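Quick one: the structure is below, and I'll ask about it shortly.
Chains here go by letter, A, B, C and D, matching the order in which they are written, and residues are numbered from 1 within each.
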Amino acid sequence: MKKLINDPKAVVDESVEGFGLAHADLVTVYPDPKYIVRKDAPVAGKVGLVSGGGSGHEPLHGGYVGMGMLDAAVPGAVFTSPTPDQILPATLAVNSGAGVVHIVKNYTGDVLNFETAAELAQAEGVEVRTVLVNDDVAVQDSLYTAGRRGVGGTVLVEKIAGAAAERGDSLDAVAAIGDRVNQNVRSMGVALSACTVPHAGVPSFELEDNEIEIGIGIHGEPGRHKIPMEPADGITDRLLDPVVSDLGLAPGEKVLLFVNGMGGTPLSELYIVYRRAAQRLADQGVTVARSLVGNYITSLEMQGCSITVLRLDEEMTGLWDAPVHTAALRWGV
Amino acid sequence: MKKLINDPKAVVDESVEGFGLAHADLVTVYPDPKYIVRKDAPVAGKVGLVSGGGSGHEPLHGGYVGMGMLDAAVPGAVFTSPTPDQILPATLAVNSGAGVVHIVKNYTGDVLNFETAAELAQAEGVEVRTVLVNDDVAVQDSLYTAGRRGVGGTVLVEKIAGAAAERGDSLDAVAAIGDRVNQNVRSMGVALSACTVPHAGVPSFELEDNEIEIGIGIHGEPGRHKIPMEPADGITDRLLDPVVSDLGLAPGEKVLLFVNGMGGTPLSELYIVYRRAAQRLADQGVTVARSLVGNYITSLEMQGCSITVLRLDEEMTGLWDAPVHTAALRWGV
Amino acid sequence: MGLDVDWAVRWLTLSAEAMAEHRVELIELDRPIGDSDHGENMDRGFKAVMDKLAEAPPETAGAALKLTAMTLMSKVGGAAGPLYGTAFLRAATALGDAADIDAATLAAALQAARDGIVARGKAESGDKTMVDAWTPAVDASAAAAGEGDVRKVLAAAADAAEAGAVSTDPMLARKGRASYLGERSIGHRDPGAVSSALILRAAVGAAE
Amino acid sequence: MGLDVDWAVRWLTLSAEAMAEHRVELIELDRPIGDSDHGENMDRGFKAVMDKLAEAPPETAGAALKLTAMTLMSKVGGAAGPLYGTAFLRAATALGDAADIDAATLAAALQAARDGIVARGKAESGDKTMVDAWTPAVDASAAAAGEGDVRKVLAAAADAAEAGAVSTDPMLARKGRASYLGERSIGHRDPGAVSSALILRAAVGAAE
């Protein structure tokens, strides 16, 4: 394991500190308990948006704190959800009186810790709504499992709900648009290599030289199944097709196509995947109206990518286009 | 070698095609000979800016085509400079009559091919100036070598010269500000792992499990020397100190600090490096007035980073802050 | 003679030692079917518990467990943090401010802990979670409680929890991160069940 | 009897074959002291030359070399593209539209090629570049030209180029990408010198 770190135990502390130094115009970083707050929070009259989760997915979530997106991000240890004693003060810090929305990826740890924090915040008089993101079609959804994971769709939920909050939507309205994005977004990912959690020191799963893992999550968990390595176009189809069919996309519909890198894959390869996915959607009569290509929700240095498709309506499109000013996503300002 | 590609020979074609599909609002891609042009080029009365070089450094240069930065980018094969038959039409396409500046990284191949293209363009009546970028302090500059390489500083030259062109500066003025940035910028990089050129199929150099390579360029070339792996703070010092001393930075000066990922390193690690570099500069009385952290000039999937420091004056700061709208760098619009 | 606050502090101390000692093993168990952090999380959490105990020595066993609950909840994160937090909180409530804990109270506290885990995590027996260590432990301790010997109650719980952890090997996971793997979760031991058995074994050691 | 357009086309064809055959070797040579693309670049370039020759068969050796120059310049990229492009262009100019090339003209063409490389790349002998293959080749061919046998001129050039390529092993690079390595460039053979020797050897084969 070779990493640009000092001490596995200090990775999150030092990284978040560096983030705060680099983006002091956008955010304030609280070191202990650790959370990241939009510089001008709480914004009077605005619903607060808080997200969080294990670290190791950068720029998620800290990179999305700022005007038009999140009001606070709560980073846990690497791949470990944050704790209520972090989530609670973050929630209080961004509450202007209009209430707070928690955007939570559907993992047992995240759900339980945000649940506790929401109860505690409510006990202190803050109204909290939770938007649960569970867009990963690699996981068979079932009443008898932990359910689908939250992956790439999270970025889109945070952007669009963030824009709704920024324009002054009510607590319920912001939560509703977040849910609507979640209902209309699906993702699936592939790993060409595993990643190494700093404190573990060894890769999170094993892959032979010519094997890839289809259906991985974002925590270095193994995926649905291993297959022999194949050309990018074939891999793209394996990711895109279940996403499209699960969404039930029909010809004539408009989508946002998001090709995401897992952290260790060159941008040039993501564009090769984008090319195939865009062509395939076009062949199916689906219009790619917006797109996003890059490393936006990662698994440390894992090589691989995920494909996310969001069915757009006019309101979501407008909210996607609305100005945003964060460390990792910025336009219109 | 596991890569999200179809055919090593088609990597650049397909990647650039995907790039064009994803950013059709910003650029037009010409496939053969291959070059990428700003959608609204030539912009009347504006000096045209053209850069280019081998592929594999994405988002450089295609990702910087757009308002406020480059008018055209010319991608060669992976790590191979483009040819005059690409550079010439790109130059002609962005010439509005105000002349064209070539921004060229100092590698023999780039220099020779751009030189030929500039001659050909001049023969067709287009005035061309060349800004040579050679900011890599890892290379001992000498009359008897190919001289310093152009690395991270290139991004800053392109942004600042691009802003000067956008505000209407003359051909000579744009070239002059480009040269001024180059004179005030220095970089140095480290590799934790080598990268694999698709058509070569094997890593470009060998590193033991606990070795790193100090002073690498951006082409998978080996660097100045190998050293045993060490903590991020120590590595940061090894990169920053030669940069600072070569620049001759004095207390009270203002700089832009740019921590760049080589493509395979998580953003979280870049912030750990940024933290140390920012602290060390502060200790020396140098003010970090602007910063940039991320994967902006890469070597495929190489793990590692480079540190670039630009001595800022008021004009350069203003031009850095000026609006830019490209696929990889965007603000103010 | 029952159990007191000294036993509780010894229990937590031995638990912390066990987490440190088995840190790598628990990380390794969490690797094939999880995300390689369980040992790290538990070790970090119990180290924090040790700090808290040193800062403000508790007066009762119940207070010691409550402090543990709050610390685990705020330091562990992940799924295990809230689950263990709830378990220790419910156990603390069951103990109240008893200075001397008898076998029946002890068994009731263990049951309360298990019920807390189930209430939070909604896992059933056979879902391949820590519940598969706790439920047999609670059943065995209830049976042993009749004899009135707290040491026997603890030993029965620890023995059953260890067997319960082993029993997760062939299970198909239906809760937590391992459930994403479906069939591929079979053949691996659940890390949370193992850490649960270690903690219950520490309780035995503390009473020796 | 001198050399004609058929010889030139055979030369380019054998060169293309040599680049394809030695593609991996040239990539491997470019790996330790360069960027692993020389074999790829040369192979791509000479394949394109073959296409061009098939499209529009040249009438003179000079025309064949000029077409080669333009194609290499537009298809190879990197340092080698403009350098070989200039070399073939200068050689083509030296040949003019001669239908029958004698030994003196041939030697002059080789010298023009070398001078073109030096004019573009500004490398001197001993800088560990293709110049270290070309300069001994030019010297040897000039010496052999006196005998008036074009085959001997070509053979002398190829022999000297091969020896010249080997002579780059101990050199410290002062030009091109290898120069960044300083002392670490010592002990490796220059890929451009090797491809130069291959091309000159192909010229011999074409005249057999």
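As a convention for this text, a contact is a pair of C-beta atoms (placed from the backbone, for glycine too) under 8 Å apart; a residue touches a chain by one contact, two chains touch by 3 or more.
Computed from a predicted model, the values in this text were never measured in an experiment.
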Could you put a whole-Å number on the gap between the CA centroids of subunit A and subunit B? 29
Separation of subunit B from subunit D, taking each centre as the mean of its C-alpha atoms, in whole Å: 32
Measuring centre to centre with CA averages, how many angstrom lie between subunit A and subunit D? 54
Using the touch definition from the top, which residues of subunit D touch two or more other chains? none
Listed in rising order, subunit A residues that touch 2 or more other chains are none
Could you tell me which shape the graph of touching chains takes: line, ring, star, complete or other? line
Sort out which chains touch which and give me every pair. A-B, A-C, B-D
Using the touch rule from the top, collect the residues of subunit B that touch subunit D in their complex. 33, 54, 76-85, 107-109, 112-113, 115-116, 138-140, 144-146, 149, 197, 199-200, 202, 204-205, 217, 219-222, 224-225
Can you tell me which positions in subunit C touch subunit A when the two form their complex? 27, 31-37, 40-41, 44, 73-83, 120-121, 173-177, 179-182, 184
Which residues, counting only subunit A, touch subunit B once they are in their complex? 2-7, 11-12, 14-19, 21-22, 55-56, 58-59, 63, 192-193, 209-210, 212, 229, 231-233, 235, 263-276, 278-279, 288, 291, 293, 295, 298, 300-301, 303-305, 330-333
